[in-house]
Amino acid sequence: MIKVGIVGGTGYTGVELLRLLAAHPQVEVTAITSRSEAGTPVAKMFPSLRGRYDIAFTDPAKSPLSGCDVVFFATPNGVAMSQARALLEGGARIVDFSADFRMKDRATWEKWYKVTHASPELFEQAVYGLPEINRERIRKARLVANPGCYATAIQLALLPLVESEFVDHAHLIADGKSGVSGAGRKMELGIMYAEATDNFKAYAVHGHRHHPEILESLQSLEGASGRKLGLTFVPHLTPMVRGILATVYARITRETDFQALFEKRFKGEPFVDVLPPGSEPETRWVRGTNHCRIAVHRPMDGDTLVVLAVEDNLVKGAAGQAIQNMNLMFGFPETQGIDQVALLP
Amino acid sequence: MIKVGIVGGTGYTGVELLRLLAAHPQVEVTAITSRSEAGTPVAKMFPSLRGRYDIAFTDPAKSPLSGCDVVFFATPNGVAMSQARALLEGGARIVDFSADFRMKDRATWEKWYKVTHASPELFEQAVYGLPEINRERIRKARLVANPGCYATAIQLALLPLVESEFVDHAHLIADGKSGVSGAGRKMELGIMYAEATDNFKAYAVHGHRHHPEILESLQSLEGASGRKLGLTFVPHLTPMVRGILATVYARITRETDFQALFEKRFKGEPFVDVLPPGSEPETRWVRGTNHCRIAVHRPMDGDTLVVLAVEDNLVKGAAGQAIQNMNLMFGFPETQGIDQVALLP
Amino acid sequence: MIKVGIVGGTGYTGVELLRLLAAHPQVEVTAITSRSEAGTPVAKMFPSLRGRYDIAFTDPAKSPLSGCDVVFFATPNGVAMSQARALLEGGARIVDFSADFRMKDRATWEKWYKVTHASPELFEQAVYGLPEINRERIRKARLVANPGCYATAIQLALLPLVESEFVDHAHLIADGKSGVSGAGRKMELGIMYAEATDNFKAYAVHGHRHHPEILESLQSLEGASGRKLGLTFVPHLTPMVRGILATVYARITRETDFQALFEKRFKGEPFVDVLPPGSEPETRWVRGTNHCRIAVHRPMDGDTLVVLAVEDNLVKGAAGQAIQNMNLMFGFPETQGIDQVALLP
Amino acid sequence: MIKVGIVGGTGYTGVELLRLLAAHPQVEVTAITSRSEAGTPVAKMFPSLRGRYDIAFTDPAKSPLSGCDVVFFATPNGVAMSQARALLEGGARIVDFSADFRMKDRATWEKWYKVTHASPELFEQAVYGLPEINRERIRKARLVANPGCYATAIQLALLPLVESEFVDHAHLIADGKSGVSGAGRKMELGIMYAEATDNFKAYAVHGHRHHPEILESLQSLEGASGRKLGLTFVPHLTPMVRGILATVYARITRETDFQALFEKRFKGEPFVDVLPPGSEPETRWVRGTNHCRIAVHRPMDGDTLVVLAVEDNLVKGAAGQAIQNMNLMFGFPETQGIDQVALLP
C-alpha cells in the first residue's frame, strides 16, 4: 500500500484519477490539495464519490503531501515546475499531468508556453511518460511527464510509421477531434453547453501546444533518427464529453503490409489494440478505459494511408496513463486498477 | 465460481450485464444465446468487450444453458415465461429482466400485457427482486423478477411514504424522466438520434406498463395494507443515454420530519443514499453505478412534499440490480462486482 | 418603418431578437448598446448575422437610443428599472425582457428580488405582456413587461383551469423542464457542456423566481377572483438548447369536457395551438417559433388532469413574445415577423 | 405563382423543403406524394407544419403531379431516373435530390451505384446543380441534379484551388464531418440516439459515394482541364443534427495570396461567404440557412493549406440549394425564400 497525494484535484483529470484510484488495491489517497476548496469534503464537491472518499481538500500551505510516496499534479501548466523539486527531495516520486516537463528542447518549450522554465535541471531529468516508447525508463524514473491527450493518440497512430520508412515523414497530417472535457473544468464561453452542443468547429488551427511535444518525442525515436518530421495538426471540438479520434494521413512512399506493421509494433502492449482490417473505431469503445484502439486503412488502394486511433482523453490521455506510469514506477502490474470495461452505451 | 448463462445478450441490458460481470470475481459467463447472432463473437458485436470475452453467441437450440447455476433473461416480455420452467427443473436459478413475473395479480398483468401467461404457477412463485423490500425472500428464491427501471426509482422514492401515514396515499404523482437507453437497443423512429436529441416530450401519458407493477408492489407492503394507493405517473423521454430522475409529489396530511423518515428507512442499505437536506441530485452522479440517490424537499414550506430520486436505468434499473439479486441468492457479498464509481463527467 | 433600439444585445435573447427582427418588414434596428462590446460589429460577435446587420454595439453613454420608437431591454434584472423613465419621457415605448416590471405587488417583488425597486410609479403602470390575457391593454401600453419563459408556458397551460371551477385551485403542480439556453449566455459551472450534457436534474426546488409572477398574474384574472391559488413548481434542467415543456397536474373537482374547455379558450389565438386529443407535444415542434402547443390528458380516466405545454423559451418565452407585444403596441399585424416554421429536425 | 410537386416528402430533406417553401412568395405546393402515407395530412406527420399546410400525402398512382410546374424528388437513389421522363414530357421541370443524374460518366456511376441507369439519355442532359459552377446552364435546364451534401461543401472549399495551379492537385485530402441528419429519416442501428450520441467515428473509409461525383465535377471545370485530380475523402459521423464541416488539406506548390484567391473567386456569390483571415467557422453559424462559410488557413506558415467550409447539409446541402436552383430556372431572385438567418444558439 503506497500513499498517494494529488495536487489540484478539482478538475476533470483530478476526479477521474480519484475514480480510478478507488479501484486500485495498492494505493491509499492520503492528501488532495486545493487552495480555493480547502476544507471542502471531496465527496461534497463530487457527490459521485460519496461513500468512497472521506477526505477533504487541504490547503497546500499545510504541507499535506509530505510522506506521500507519489504525488500526481493534475494542475494547469506552471504549477508542477515550481513544486516538484521540494517533493522529490522529500522522497516522493511525481507524475505530472501538465506540459511542464514534457520536452527536452527548452527553447522551443519556452517559445510555445511563453514563460521561463522554473526548474531547468528537472526539465532535463524528467521522463516522457508514454509507456509504448519509454517503458524501461519510466520504471526507473522519479519524475514522469504524462503526455498530452492529443499527443498520446497521435503518437500511437504514427509510431509504426515514423520508426520505419514507408511513408513521407515530412508531410504527415493529423486531423484531431476531441470531446469537450479536454478543455478542462473551467469556465470559457466556447465550452458552455449552449455554445458547444449541436455544433462542430476547428480550433487552434494556427498551431496547438501539443504540436512541439509530438514532434520532439517522435523525432527522438531511434528508428526516426536523422529524418526530418513534418506534421500538420488541426484539432476540432466535438459535441461529446470524452474521447479523441485522430485521423492520420500519410503519403505512402514504399510498399509494405501496413496492417502487419502495426500489429507487430504493438504486440503485447496491454493498452494498444490494433483492430482487424476494415474496422472503424468509435470513441465510445474506449469510454472510461485506458485503451487506445487503432485501425489502418488504405482508401481505394491509393497512395494515402489513413490511420484511425481512439482513446478516452481523460484516461489514456490523462489519469489512466498516469496510473499506468505509477504502476511501472512502483513495480505493480501494469494494468492494475485500470482494467475497466468501457461504459457502452 | 458459478456458471452464468445469459439469454438475449444483444441488447443494452445484456451488454451492461457483461460489463459488470467482467468485474465480478465469483462468476464465469459460460453461455450467451442469440438466435440471430449465433456464431458471432461477443467482442465482435461489442468491440468495447475486446480482450474480456472470448465466447460467441450460441443458438439457443443447442441447449447451451444446461449446467448454468444462474440464467439471466435480458429479453423482451414473453421469453422468460416460456423457458423458465425447463431451466428451473434443470437446477438453474433465474433472474428475469422482463415483466413476465413481476406481479401476482394475473388478471391485471394479462390486461396490461395483452397475452395469456404461459406459466401461471411460476407467476405465483416468483419473488419481486427489489432488495430494499424483499431481501430475505430473494435470498431463498429460485426465480427472481427484476423490477422495471422506472418502478425501481419510483418505489424507492415512495417507500417511506407508503409505509407510513403522513401523506395522501390516494393522490401520489410521479413525474418520470428517462434517458433513451431505457427504450432498448431496437429500431424505432422516435429514438433515432435526429428525432430524440435536442428535444423533450412526455410519452405513454395514457398509462405506462410499469404503473400496475408499482402499485401492486407498494400495496403489498406491510405498512401499506388496507389503504388504497392512487398514482398518476407521466414518463418523459430525455435526450441523454442513461439515467432516470423521478420527481415525486405527495400532499402532506400529517407533520413529521421527512428527512429523518427517509434516512431511517434506508439506513444500512448499500445502494440507497439519502442525500443531505437541500440536495438536487443529478443523474450523472450515479452513471454506471448501482446507486439510487434520493433528496427530500418541501418547497416554500408548503403542504406538498417533493422527493427526487436518481438511478442509472441500466444498472440499478436493470443489470446491476440483477447482480445484486444474484449476490443475495448465492450468498455472495451484496455489493460484489457492482461497487463501481460513477463515470463523471 | 419604426426605429428599434436594443439594450443588452449580447445575450441569447438579444441575438434571437436580432434574428427575428431581420425578418420584420416594418422595423429598422438603429441602435444596440453594450458597454463591454462598444465598437464591435454585431456580425463579428455573431457571425450568423453576417450580411444582415451592419451596425456595431454602441456605448450607452453616447445616448444612441434617442429617437428610437421602441426600445427592447434584453438585460438582466435591474437595468430597465433604472433607464426606463428617461426613455419613456423621450417618447419611446419599451418592452422589457427582465422581471423589473412584471408584478404589481411591490412587497412580494422586493422580497424575491432582494432589492428596492428603482421606479415604483412605473412598476404600477407597466402592463404584463401576455397577449392571451392582456391583449387590449398591451395595445395601449407604453411600457410592457415581457413574461418569463416558464411563466408563459405554465400560465397558458393553466389559464382555462384557473378561469373556471373544475379543478382544485389550491394544489396545482407544475413540473417544468427547460433547455439550457434559459440560463442565458453567461459562464456558470452548471451550464458548462461537460456538466450539463447527458445529465438531468431539478433546480431551485426551494422556490423559483417565476413563481410569484405566475401566481399574481393568474390570481388577477377576472375568472379567478376570490379564490386562493396554490402552486408547487419544480423546474428541471434538460440537456437541450431551446424549449420548455411544462407538465401540469390538477385534481379534478367537477366534471367537464376539458379538451373543449381549452379549445374554446384559445380559439382564434394566433400562437396557442390546442392539439388533438391524445397528442404528446415535443419541444422541437416549436423550435425557433412563437407557438405554444398544448395537449390535455386525463390518464386512465382518473381524477387528475395532465396538461402538457411546449414553447421555445427564446421565442414565445422571450424575443418572439416581445415582438408580438410590439406588433400590438404599434398596430402591426400580430404575427408579423414571427411566423417562422419550426426547424425540424 | 408556380405549382410545386414533391415526390417523397416524408424524409428530412422533404420536410425541410416544406419549411423553406412556406416562406417563398412565388410558389404553391399543390402535391406531395407518398405511397406509405397516402391520405395522411402532412401536418399530422410533421406537427411543426400545423397551420401551414392543409394538404395530405397522395398516392403517386393518382397522378397528383400532373400540372406541376416543377417537381422536386426528395427520394432515395433510383426513383427519379424512372419517373423523370414522363414528368418532363408533361411539361414539368425537375430538381432531383438523389444521385441519379449527378454524373456524366455512366460507367463510373453504374460501378458505384451498382445498377444500370434507367434513363441514359436524361443522364446526359441533366445539369449538375451547383450554381457557383453552373449558374447559366441551370437557368436553362429542365432537369437539375442537386449535388450531394458533402459534395457541395468540399467542392466549394476546393474550387479556387482546382481552377488554379498553386497546390498539388493529385493529393488533396478532405476530412469531412457531418451531422446525423445526413443519413436521412430512416432506421439504422448506427444512427439510433444511444448509438450516435456522445460518440465519434469515421465511416465509409474505403470510399464514399460522393467521391466520384466530386472528382468528375471538379475535373470538368475549365481551369482544371488536363490535370489529374487525386482526392482522399474520409467522412465522419458527428453527434449533432445538422451541419457539415469539411477540413481540406492541400500541399502548396507555388506561392500566392490564398485569402485573396478565395475572395476573388466567390465575389458576388450570394451564398458563399469567405470569412476574414484567422476565422474558425462553426456549423451553427449556418444552421437552417443556405450559406456556406469558408476560412483559409496556412498553419505555422508551412507548405500545407487548410480550408475550412461549413454548411447546413439539409439546406445548402439539399433543400435550400434545390430552391436556389428552382429560382434560377424560373427567373426568380436567386435568394428568394432562402434568406433565413441562422438559428443560434
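The first chain written gets the first letter, and so on, giving A, B, C and D; residue counts start at 1 in each chain.
The rule we apply is simple: a contact is a pair of C-beta atoms (placed from the backbone, for glycine too) under 8 Å apart; a residue touches a chain by one contact, two chains touch by 3 or more.
What you see is a predicted model, and the numbers here were worked out from it, not measured in a lab.
A.B. asks: Chains in contact with chain A and with chain C: which ones?
C.D. replies: In this structure, the chains that contact chain C and also chain A are B, D.
A.B. asks: Hey, which pair has more contacts between C-betas, B-D or B-C?
C.D. replies: Here the pair linked by more C-beta pairs in contact is B-C.
A.B. asks: Going by average Cα coordinates, which chain is farthest removed from chain C?
C.D. replies: That would be chain A.
A.B. asks: Taking the mean of the CA coordinates per chain, how far is chain C from chain D in Å?
C.D. replies: Roughly 37 Å separates the two chain centres.
A.B. asks: Please tell me the distance, in whole Å, between the geometric centres of chain B and chain D computed from their C-alpha atoms.
C.D. replies: Chain centres of chain B and chain D, defined by C-alpha means, are spaced 46 Å apart.
A.B. asks: Averaged over CA atoms, how far is the centre of chain B from the centre of chain C? Could you give it in whole Å?
C.D. replies: 39
A.B. asks: For chain B, write out the residues touching at least two other chains, lowest number first.
C.D. replies: 12, 179, 181, 185, 194-195, 197-198, 239, 241-242, 281-282, 284, 287, 345
A.B. asks: Spell out the part of chain B that touches chain C in their complex, as residue ranges.
C.D. replies: 171, 173, 175, 177, 179, 194-195, 197-203, 205-207, 211, 230, 232-234, 236, 238-243, 245, 247, 249, 251, 278, 280-284, 287, 297, 299-300, 302-304, 306, 308, 310, 345
A.B. asks: Mind listing the chain B positions that touch chain A in their complex?
C.D. replies: 12, 15, 18-19, 22-23, 46-52, 181, 185, 197-198, 241-242, 273, 275, 279, 281-282, 284-289, 293, 340-345
A.B. asks: Contact residues on chain D for chain B in the complex?
C.D. replies: Spelled out, the residues of chain D in touch with chain B are 12, 179-181, 185, 187-189, 191-198, 239, 241.
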